[in-house]
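Below, chain A partners chain B and then partners chain C, in two separate complexes.
And then the complex of A and B:
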């Protein structure tokens, strides 16, 4: 993808489709690397699906439930000398724990590093499209950070107000923008 | 021009000819796969320097006539096998994307 923010949108959409109640999007950045983690508490994948999920034909040949998102994210990471790891757990009789975790590392000084792009807009887009699920977002650069937690907003506003109302989205967008102004100030 | 006719031009060699009689209607050049997926048209000859398995998925989704690997790029054995299995035409050449485009433009006159 042209910007990593579009990859993030694609992967997070998978989480929502997997019935996640909370999707965490975490970017940890320093001078040389970016680590992107997308962690959800959705229904998870079987080991068989997990094995095939980075094979683009596995996903295009079946009902395209997953899409090209993971293969393209893996490629974006690997072309900077980084890597992508994915783990997933389905609920079983013994354990109620379930969900999927995708972690991609990038060497951001590599020429083929895809720029992050407008991550704040991606977060707003996700909330707009899925006002009934929760998103936690964190972007850290050295000691600085940008944070957003839809559960906190919900707590303040009360459960009956949908988060995709115009004024709320506008406020979320502004609060992210304000925090981003200071992220790279060291 | 068909894909087979293209491979008969000097400097072009077939890597996988799954559907040699397929007609090339137009040309698309690009390496950013997500971008190509949205822009390449059916029956295009797609010129790229990318050679991983995702290229084949994009070629299949966009239904291009063939993939032309420019500047001497080749396929790994496992990717070549996938191209055979999925029926994706792949041609390689040492020429640049610009030189390939000129040849295709001339052939279409």
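And then the complex of A and C:
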């Protein structure tokens, strides 16, 4: 992928496909590192699938079950000397908790660091395609931050206006862009 | 988050319009947004469609949506256009520039751009 923001889009699409009602995308950045977390409350993966999901050549499938998205993110992290971790839980009789959490760390100053790119566009794209699920987004750089919570937007709009109406997407894009202007000002 | 008040104002302006629009979309533009599509550049193509469909005043009839892997990864970004009573049109190796052209000529003008379709690749 040319930008990490495209990896983010790709992994968050998995969350939506796993029937997440809320997908959280959190970027924590300082002068040297970026930590990306994508946390969803989707149906989660079995241990067997979880074991194979980062290995593009491991498969138990007869039909397509896992793709290349996670191996690509893992590669992007590891080529900077960082790493990717993934944990997942399916609901059981004992516990109703479920969801998947992916965390990747990157060394920003490494030659092979893929630039973050247009993260705001990724958020807008997710909402355009999935107006009925919620996304929480936070990007911090030292003490500054960019925040977006689709639940707040939904609360203002009420049930009659879908989040992917053009005017709404435009507003979301503008609010993110405005916040991004100040993110790296220290 | 800034300017939720502004959002409220947008909502008030839109209310009637959205109610009118419901169920009137007769054309569907579907963009493949799986790993293959995203890596090949589907995100800017999608955003260009969303932008241009609105700019050309087609939002009442054209719905732009996303799907997973269409199965022809080597042709990504792939865009399919579904219209009631017509055969599906599959555009391949799309770019934002081609997307603008498809909105203008195909969605607005009703003319398929044959050279961008999958048929022209085979």
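Assume the second predicted complex is superposed on the first by the 177 of 186 C-alpha atoms of A that agree within 3 Å, B and C clash if a C-alpha of one lies under 4 Å from a C-alpha of the other, contacts with A are read in each partner's own complex, and residues count from 1 in each chain.
Here is the rule we go by: a contact is a pair of C-beta atoms (placed from the backbone, for glycine too) under 8 Å apart; a residue touches a chain by one contact, two chains touch by 3 or more.
Just so you know, these numbers come straight off a predicted model, no measurement behind them.
On the shared subunit chain A, the superposed partners chain B and chain C are arranged side by side without overlap.
By the touch criterion defined above, A:147 reaches chain C but does not reach chain B.
One of chain B and chain C touches more residues of chain A, and that partner is C.
By the document's definition of touching, of the two partners only chain B reaches A:56; chain C does not. Using the contact criterion defined above for the overlaid structures, shared-chain residue A:22 touches neither chain B nor chain C, since it reaches no partner. In the superposition on chain A, A:1 makes contact with both chain B and chain C. By the touch criterion defined above, A:166 lies against chain C but remains apart from chain B after alignment on the C-alpha atoms of chain A. In the superposed model, chain B and chain C sit 80 degrees apart as seen from the Cα centre of chain A, a figure rounded to the nearest 10.
In the superposition on chain A, contact is made by A:122 with chain C only, not with chain B. In the superposition on chain A, contact is made by A:179 with chain C only, not with chain B. Once chain A of one complex is fitted onto chain A of the other, the partner contacts of A:68 extend to both chain B and chain C. Of all Cα pairs spanning chain B and chain C in the superposition, the closest are 5 Å apart. Looking at chain A, you'll find residues 1-2, 6, 68, 72 touch chain B in one structure and chain C in the other. Listed in rising order, the residues of chain A touching chain C in the complex are 1-2, 6, 9-10, 13, 17, 67-69, 72, 121-122, 124-125, 128-130, 147-149, 152-153, 156-158, 160-162, 165-169, 171, 175, 178-179.
Of all the residues in chain A, the ones that touch chain B in their complex are 1-2, 6, 55-57, 60, 68, 71-72, 75. On the side of chain B, the complex with chain A involves touching residues 32-35, 37, 52-54, 56-58, 60-61, 82, 86. Of all residues in chain C, only 1-4, 6-8, 10-11, 13-15, 18-19, 33-35, 38-39, 43-44, 46-47, 50, 54, 59, 64-66, 68-69 touch chain A in the complex they form.
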